[in-house]
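Chain IDs A, B and C follow the sequence of writing; residue 1 opens each chain.
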Amino acid sequence: MYPAGYRYTKDHEWIKIEGSIGTIGITDYAQHELGDVVFVELPKVGAQLESGKSFGSVESVKAVSDIFIPVTGEVTEINSLLVDSPEKINQDPHGAAWLIKVKLADPKEVNSLMDAKAYEAYIAEKAQEQGA
Amino acid sequence: MSSKLTETEAPPATIRKAGRHVSQNEGLIFEKSAPGKRGMELPPLDVPAVDPATALGPDFVRDEIAGFPEVSEIEVIRHFTRLSTWNYAIDLGMYPLGSCTMKYNPRVNEHVARLEDLASAHPFQPADVAQGCLRIIHDLRECLLTITGMDAATLQPAAGAQGELTGLMMIRAYLATKGNPRKKVLIPDSAHGTNPASVIIAGYEVQNIKSTSRGQIDTDHLRELATDDVAALMVTNPSTLGVFEERIAEIADILHERGALLYMDGANMNALAGIARPGDFGVDVMHLNLHKTFSTPHGGGGPGAGPVLVKKILEPFLPIPLVVKKEDGRYVLDSSRPQSIGRVRAYCGNFGVLLRALAYTLAYGSGIRQAAEDAVLNAIYIRKHLEDYFDLPYDLPSMHEVVFSDARQKRNGVSTMDIAKRLIDYGFHPYTTAFPLIVPGAMMIEPTESESKEECDLFIDAMRSIAQEAETNPEVVKTAPHTTRVGRLDEVAAARKPILRWKG
Amino acid sequence: MRYLPKSPSERKEMLAAVGVDSAEELFQRVPQKFRLREPLALPRPLSEPEIIEYFKARAAENAPGYTSFLGAGVYQHHRSVVTDSIVQRGEFLTSYTPYQAEISQGTLAAIFEFQTLMCQLTGQEVANASMYDGSTALAEAVLMAERITNRKKVLVARTVHPEYRQVLATYAKNLGLEIEEVGYTASGQIDVKQLEKEKLASAAAVVVQSPNFFGVLENIDEIAESAHSEGALVVTTIAEAVSLGILRPPSAADIVAMEGQALGISPSYGGPFVGVIAAREKYVRQMPGRLAGQTTDAAGRRGYVLTLATREQHIRRERATSNICTNEALFALVATVHLCLLGKEGLREMAMQNVAKAQFAIAELEKIPGVRRAFAGPVFNEFVLEFPRSVKLMNAQLMREKIIGPLAIGLHYPELTKRGLLCVTETMPRPEIERLAAAVRRVLENPV
């Protein structure tokens, strides 16, 4: 379910690295928690983002979630598809509904993030805590 | 949703509270418009007519307002009367909404608000011909001070949230005179959403303080958090769980020792009026919601009023103007208060709401305690009869409201929202589902003193029946309501592609 | 007690059911030392006739039988008795905020109509379900402009209502907003020459009122052109909503903060009223307050819901666009019903009558030696007159004839002594205008 090549954060973001470009989105777990997404707030192309900071938000009817960037970099592209079709995040969170692409300042930053297996274990643990 | 209820969807025949009725269809008023129709005619002009282009200048004159309604008087009456039949209201039955205090709105309040010379009073009328209005504000203030045990008050804020903001600004002004306005305000994780929002507008940062496992403020955590950076703690008492903060005096002491202040959100005052006074247990500043405790009508969302009451130390910072009674018995508006935080609303506030609250207070007078007793009795009575059916996350004595959770029903996939929606089929308005955040799947129930034993029993019957349905027929609960004009509405579509006006 | 539906025996029964002997036992958790032992020192309970008597006595202490020429943000207009027949219905009066849409369609449909009417009136694309009043709507509109532009400076015309400016100052203080006032010209309008490029370039918004506090109409298009060229927004505040029956709406403004009191709401000594924020659609997510949106249920039936709630305090808490929760819904309904009754032609006719009455009053009063208009700009239904002596003293004498004269504006504008703001609406009978003119003439001739 969670693409093997991606890296994951505790806040349920994923990042896919291709050279020095990172593509970032939110995970299936996150979209499921939020419910039907109605709106996405994204930064502007060219914005300089600092690791750990919020770069936007994803809104459902009853909740809004900040999205945090796990690396430092400059925004090179934002996914304009999400402006008219925010529901894509629910439908294809790991693929077509990527949020932004950044030029990484330091590609090695991703090494401290979880891989697919570690992330799956992490959310399984969370599910247990909540007694779901 | 089919309008024909199957046997499994209709509430059991033994439920007596509500049946079904024919409901009129009705479009928007714009859809009934046709050129040339009018609902109101004016007396003819008794001065020479003027050409607007000449009097104002042609650039200032507008074209006709495209799409503006054109309907007759009877169409207006029918339109809004039909719309009104689509609403639930206190006049129809209980709203068990926790923290809202949906009590009876006395009709005499509406009558006196409309008395000529009160309704037509202009806020800039010279004080000599506004003594009636000024005295009303003064008399209400005196009553509220007596009820709360505080020293001074402003009646200017237009709602509880504005009262919170006003109180926080006064705290800031006071601490500034002490040399340091400080940076943060502590908010319990069980607080109403307006609390943190108000903190930000007052220029402070929010810091969350944990509740104990019993849902009370964690005094150890408070000791840890209450540094020199903390200006105040905003507490709701009784809490949003409906439980009195037993250690409130200790909480006040901890704050005062560190030069911080205790703010009380008075939304739950309905449990305390005539029973205990916040001024006695260490509160420095608080607001009241007149549209909650003091019976002024909610009217579909407002108006309200949020008077702020303070201890003497904060009196200099009250908003201007203040109503002052002079030695000769005359009332005046005093705006020469150099330390005032300024004005939070034009004129004196929501005067018409203040007037209604005074009428309510005069009706109860010294007997006001009875309302709190009945409110608490109703809540505890309901709690006792539902404790075996719903999960009670915090098992402390309730005051005027009780908070259950949907934990048991969740096992069958039925949530608090589903139960709330099914309650509609039983003839009730839902309880509060949105908070407190410390109770996942919260069901916050506040009956108020306006409910008879009969209505409480009908509510208990309904909730028990729904609990049973959650076990035996969860689908009927999850897809409720079944008996309303419209079923659950598509809120996702409404938020994705908002349509916020008629366009024609 | 007539508001409590319990008989003594029912109370007993319920107390027994919860296992206590007396109501006192229900409050065990409140520490002993805080529990009141005596009834509060309030007057004895009053019956309904006594309550009515109390308030009738208060009404008699106000201004019975006086004719008032006050405007200044609160206006007397004809209102139909039909409005109260509707608004007094329990289903509207005693209903709650429409969070549970299925049983609040009446309120929600009416809010949707209100939002539409406000857009039509103001020439804006989206309007909310109400703010507290014009003064706080203005403060919130400025905060909205700050959020949109990320700029901290605001240029505010001195011709904006003094109490609106006071409220704005109170809100701005704690948020690091810098308010700079902009003066006015001999015509009584904002001095656009003071809107220099450098100032505009760092301003979130230019705030202007039209008709302004002097009653004079402002040229919003001109102001908008300058402001927009430097990236500043235009916030227009409107205190006299009936003016929009005849005046071109401020479509060039980015945000309109309006007071709706003139739309069928009694003056009621200053409140409750209804504020509105209307703006360009692209700013809707920055807008405070509730919004009603159209949607459908699963069977395709049209219905309305509160929407875009993630802007609001109950979801976003400390990051909300505003802390507003309770608004002025019932008075938004009053305005809605009133406008539906007046309709397209009625509102225009009412507005034109205001213009006609004001022009007549100006002509009559300017016949008096020493009395003349203070400002040359065009006016709707109120205007500032210059008098040869103190307006306060003149008013004291007029009061003896049961006339409440023009508002002395020297208090708020120290440079404008001997000037009074006078309002004449469609409700002012011609004989009363003539009586005012005669009385003013007499008083000025015989100063005491």
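By our rule, contacts are C-beta pairs under 8 Å (C-beta built on N, C-alpha and C of every residue); 3 or more make two chains touch, one makes a residue touch a chain.
As the structure is a prediction and not an experimental result, all values here were calculated from the model.
Visitor: Which one of the chains is closest to the middle, using the mean of its C-alpha atoms?
Guide: Answer by centroid distance: B.
Visitor: Specify the chain pair with the maximum number of C-beta contact pairs.
Guide: B-C
Visitor: How big is the gap, in whole Å, between where the Cα atoms of chain B centre and where those of chain C centre?
Guide: Chain centroid spacing, chain B to chain C, equals 20 Å.
Visitor: Taking each chain's centre as the mean of its CA atoms, how far is chain A from chain B in angstrom?
Guide: Their C-alpha centroids are separated by 38 Å.
Visitor: Quick one: report the Å distance separating chain A from chain C, using the average Cα coordinate of each chain.
Guide: Centres of chain A and chain C (C-alpha means) sit 45 Å apart.
Visitor: Two-or-more-chain contact residues of chain A, please, as numbers and ranges.
Guide: 38-39, 59-61
Visitor: Mind pulling the chain C residues that touch 2 or more other chains?
Guide: Each of 309-310, 315-316 in chain C touches at least two other chains.
Visitor: Where in chain B do residues touch at least two different other chains?
Guide: 491, 494-495
Visitor: Can you name the residues of chain C that touch chain A in the complex?
Guide: 285, 309-310, 315-316
Visitor: Tell me, which parts of chain A touch chain C in their complex?
Guide: Going through chain A, the ones touching chain C are 38-39, 59-64.
Visitor: For chain B, which residues are in contact with chain A within the complex?
Guide: So the residues of chain B in touch with chain A come to 491-492, 494-496.
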